[in-house]
Amino acid sequence: MSTPSTNPLTAGTSRLVPLNHALPWIIAAVALFLLPVIFDSRAALTIMNQMAITIVFALAYNMLLGQGGMLSFGHAVYMGLGGFFSMHVLNWMSDDPWLPLPVLPIFGGFFGLLFAFLIGWFSTRRAGTTFAMISLGVGQLVASLSIIIVIFFGGEEGISGNRTDMLPFFGWDFGQQQEVYYLTAVWLLIAALGMYLYSRTPMGRLANAVRDNEERAEFLGYSQRNVRWISFCASGFFAGIAGALFAINFEILTEENLNLATSGSILLVTFLGGVGFFIGPIIGAIVFTLLQTVLSLHTEIWALYVGILFVATVMFFPFGLTGLLALHVMPWKLGKIGYLVKPYAKMAVPTLAFILSTAAVLEILFHARHAGRGDNEMTIYWWLTFDSHSPLPMIIGLVIAGVSAYALVKLAPGLKAAWDEATHMGEAGK
Amino acid sequence: MKSLKKFALGMAVAGLAATAAAAETVKIAYIDPLSGPFAATGTNGLHQYQFAADTLVNERGGVLDGQMFEIVAFDNKISPKESLIQLQVAIDQGIRYVVQGNSSGVANALTDAIAKHNDRNPDDRVLFLNYSAVDPALTNDKCNFWHFRFDAHADMKMDALTDVIAENEDIKKIYVIGQDYSFGKAVASAAVRMLTAKRPDIEIVGNELHPIGNVQDFTPYARKVVSSGADAMITGNWGSDMLGLGKAVIENGFSGPIYTYYAAADGITAAFGETGVGSLKLVAEGGNNPPSKPEAQEYVRAFKEKHPDGNISQSRITNVVQMLAMAIDDAGTATDVVQVANALEGMEFTDSLWSDNPMVMRPDDHQLIQEVHIYGHVPVEAPFDFDNSGYGLKYENSIVNAGADLPTTCEMERP
Amino acid sequence: MSLFIVNILDGLVTGLLLFMLCSGLTLIFSMMGVLNFAHASFYMLGAYFAYQISMFTGFWAGLIVAPIIVGVMGALIERYGLRRVHQYGHVPELIFTFGLALLIEEFVQFFWGRQQVPYNPPEALDFTAFAIAGNTFPAYKVFMIFMAIALFLVLLYILTRTRVGMTIQAALSYPETVQNLGHNVPMVFMGVFGVGTAMAGLAGVIAGPVMGTFPGMAFTLGAIVFVCIVVGGLGSLWGALVASLLIGWMQTFAASYNLRMEDLLIWLGFEKPTLMWESAWQDLWTLTLPQVGPILPYLFMVIVLVVRPQGLFGKRET
Amino acid sequence: MTAAAIELRNLNKSFGLAKIIQDVNLEITKGERHAIIGPNGAGKSTLFNLITGKYAPTTGQVLLHGQDVSGKKPFEINRMGLSRSFQITNIFHKMTVFENVRCGLLWSMGYKYNFWTMVNGQRELTRRTDEILEQINLTKRRDMLAGALAYAEQRALEIGITIAGGADIIMLDEPCAGMSHSETDLIVDLIRKVTEEKTLVVVEHDMGVIFDLADRISVLVYGEIIETDTPERVRASKAVQEAYLGTTLEEEAS
């Protein structure tokens, strides 16, 4: 059996790529290059780094869930182990470095791959629930072991290192956030391109085939188990790269990097973005990181909003946020996107009013229940200040929410009609 | 372009990364859990900081020429990763002082990151005022110039605790049990080491670790404690592990003293209620309940007036705030943290609220040396009780300058 | 020996409690093919509702009312949430229940805060039932055992003696026959989901005072419940019972006996390193059974799944 | 002489106590078009699944080109040159028609578990895929999702995937099930076209199709082959008529 250990950058690029395929990548590269010029604060850079790491991890996760149909509850293991090993490599080299920092993710990838190979040996024999439950069990085992095996994992304090200990890379020692950002961004591009190209190789296509119909694939000469195993290894490899990037950015690895909460949140990120699309996890990672780091600065109950958003996504847009965007491709192609502008504009105000007023009601309730006595005054949306214990703001909030919900229900048929109009023609017989 | 940049920045970090710190306030970043399972402790700590800053500094005219303290809260969700992100956000806002206390894991991550940051960015250095993370390593092997600890660390507390146990002739057998992680192990090894030295006749009938946060039913452990015939038990447990273990042990017939670090407040006092009376002991710094000084009583009343559900459970918070204010005044600057750190180093401080014994910030390792008490869980009148339960903590023993003779392995590197 | 008997009883309490959750989960899974990730969250809701009710009326009203509220909530969630997601397939269903678990935890924190709430056993049961060699056994735990057994008997009666029960039982063994239930399939689904969650709620009402009522209670138990039904075999009630008891005892005994790796290694002929804290194997040498107790079920599950993917008593694979 | 394409020796399969296949012996020579017929529940699909490796035989052997393959995995058997279709349409619903067929070609064209070449850039692969699409008349549907095809088209696609790998033994499980007469005619033509010079084993209910296609026919009743012969003789066989009319049903059932 062969394993994806070649540098993903060079995979298949020998062939000339048509411009329309390369264009999104060029745009992405330019955008990644320009972003720190606009967002130059340390916090913005850190958040963008965090986003990039989550993107790599989510893309790796989607190689399993979206492309291979394998639902894992323990994928943090491979990212975490990749990170832990990278950190040990970093510390091991710190006295006498002979490699520059930017090659560290290769080690992370290699160790992620190694563990995916070992664990995949028994976990990929079955798909479905059995796979999911083994991943849960292994995830829990590794997370618990990380507390017990102190000498390697450092207990709950984790292990840390200093990224500037490696050899300088063209004069950069990666002490500054901006330098780390460019390192992360380049690896993001490499990893994302690698995973994209991988999905277009025979193995990538077969992962889809096994996901859709494992029995059929068997009768075409392919062992479903091997296809899953190889996908699993590839996913472990890229997750390991994400782990090494984490090690470089945060210079610390802890049990948190291995536990079920991390595994669960990457599922959330990927599904939120949309598992059926290559860029789904990217959108999911961006949205989720912003929610986690920015929304939590403004409200204590941010996790409640994330929970509501997630459940609403599963219920109403099972193809994720990307799926929602993708719905508009057809009207766009038909040149009928204009049909939607008016109903959207009509819906915009009630939608906004509904979201803001519902959130306001929740905030008022929360403030009234949990804020200190005498601390009745609360401010929402930066300028609205009132007494959270008086019934009036609550009633106003509820009324606005009710009215806007009613308006939305009333406007819904109009939108539907516009949709039918906008998607009509072109899609014959469907 | 400039305005676009500002706008975009504002969008990205939504208004927080914006304008540099206004000159008239000294901002202090409070990086602790405000959501998730430990949010109760974090939120209560935040309230104590805000109240201390308002009452003890701002209402008295602030520091320097009237600069006010402002506590800026950052939710780290008790995750090291999130803490480091929030640290960057805080530094961007021009904040030069970071306080954190919940979880030694987070403290380790922060002290490491701050040391690296100060090394790499000499223009905007940061001080780390650790008010609660008690891993001894933080002021020993892992000490650095930027870190100051205001709580007695685990070994110092154990030193005080074993002093008291050594005097109790009734105790012949002791059971040591704790959570399976560095703090639990530190408590266990310190207990064994110090008991052997101080009372070689005491038999350690049990010394074990249980998985942290993962035990649903402590009954089997309680059975072992009871059947070992122990006269007393020592545990460093906190949170639901403390509650679960304590309740199970008492319910299954254990009647000896249970020496703890964290068996109070945040719902634990209320949940123990009457069951804990006579059994639960706790080692901590701070004041008696009710405090002896009228101004301290007034302070607690005023706090409870504002936060009826809160507790003054970490009285060291007032020390942090007051000592920082003193150090800034001494240094004559709030922006040059090296000078402020130099002023803090070796500072002698006499608390106006809880205690009359002066405390000193030991220069060798930046560890505050102070009086430590053994408290008992007893009925306490409102508002000096915890969790409004009618129960609280009262002095049983006091140890002046606890742990001052414990050596430190710290090799401080000064800038 | 007496401690052994006490441990058997303690393990029985844990095991039966697990079974109260597993039985509902197994019913739901067998009928609907949904692995309900939020099952333990309904357990938590049961405890919190009962706590809230007990503040007004005392413990006993909560025992009756709280499970009913939880069951109704479960049925409504099935009707307006799960049924909608059902059309997208099993993975979105699983993910939906996963999100639901997160949401319920946030919901509980929103209303009751993050601290443990003082939900206690009723006064009437606050005494020692009996003692074995100094080890007391609280009356409340006796009550827990009886409640769990009573629930099991009621369930057994419904499944084997009533019409709807037999239909359900048929569906347990032959999932495809669910289609033949007639026009009432949606009603049956809603009912089974409601009853299953009500049973979880009842378990929460009973366990809350002993295990503690706090927002993390669902998370710690939820994964173990999963382990039980997977080990027992998806869709097998007897398997769930056996696995629950096995895991209950496994956890109790692992916590009770301080077997040390050190002894095992010496017995195997290894030499104990003199300077333990410099040995690379220090963590292995100092390992004890209670330390690894909580992860034993997961290890057990992985081994069972690798050797026998359909579980101990399972007939079908999914 | 060369070994038979497929040879079954004393093949038995039981599920629990139920004996589904009993002592089946059969030889199918290279290039033969062989049909298996029998009443519902006779075990035709089970026999199919035994040959193709979905089930392992309880006792007995399956030989492919003289090599024992009993107990081998389906993918191993497929690699030895046997390909099958399914009674219930078994295609990759969420992939395009083109990709469906291409998946069938990958192994035989030596791509194996390749993850370093771009599959779209492989001219020979694309050419042969398009060739097969042309053969099964689905060129117009090339870029549609397979799940969106009409039923008859899905059946054609099923055959396309089956033959794509170039296997020399093709096994079709009720290729005409659920089709109208005109559709059936098209499919039969298609089958004849794509299985030229190959060994074909087909299970089918439609007798018209069978007698039209097959060189020899085996009649399977209650797990036993009661007759193997040319279409004309099978048609005339009394035993077969009895089996189909059910006169001896009671005896057989025991």
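Labels for the chains are A, B, C and D, by order of writing; each one numbers its residues from 1.
Heads up, the rule we're going with is that a contact is a pair of C-beta atoms (placed from the backbone, for glycine too) under 8 Å apart; a residue touches a chain by one contact, two chains touch by 3 or more.
By chain, with names taken from UniProt: A, C = Branched-chain amino acid ABC transporter permease; B = Branched-chain amino acid ABC transporter substrate-binding protein; D = ABC transporter ATP-binding protein.
No experiment lies behind these values; they were computed from the predicted model shown.
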Those chains which touch chain D and also touch chain A: none
If chain centres are mean C-alpha positions, then the most distant from chain D is chain B
Quick one: report the Å distance separating chain C from chain D, using the average Cα coordinate of each chain. 47
When centres are defined as mean Cα positions, the distance from chain B to chain D in whole Å is 74
Centre-to-centre distance between chain C and chain A (centres being mean Cα positions), rounded to whole Å: 31
Distance between chain centroids, defined by C-alpha means - chain A, chain B (Å): 35
Quick one: which residues in chain C touch 2 or more of the other chains? 109, 113, 291-292, 294-295
Taking each residue of chain B in turn, which ones touch at least two of the other chains? 36, 39, 180, 211, 214
If I apply the definition of touch given earlier, which pairs of chains qualify? A-B, A-C, A-D, B-C
In the complex of these two chains, what residues of chain C are touching chain A? 35, 81, 84-85, 88, 91-92, 94-96, 98-100, 102-103, 105-107, 109-111, 113, 223, 226-227, 230, 234, 280, 282-283, 287, 291-292, 294-295, 298-299, 301-302, 305-306, 309, 317-318
Within their complex, state which residues of chain D touch chain A. 52, 54, 73-75, 78-79, 83-84, 86, 90-95, 99, 102-104, 106-108, 111-121, 148, 161, 165
Within their complex, state which residues of chain B touch chain A. 4-5, 8-9, 12-17, 34-36, 39, 43, 47, 74-75, 77, 79-82, 84-85, 88-89, 91-92, 103-105, 108-109, 112-113, 116, 119-120, 135, 180-182, 211-212, 214, 305-310
Residue set of chain A touching chain D in the complex reads 1-2, 4, 6, 11-12, 15, 197-198, 200-206, 208-209, 211-213, 215-224, 226-227, 230, 234, 430
Once bound in the complex, which stretches of chain A touch chain B? 38-47, 50, 144, 147-148, 150, 155-158, 160, 162, 164, 175-177, 246, 250-252, 254, 256-257, 292-294, 296-298, 300-303, 370, 372-375, 382
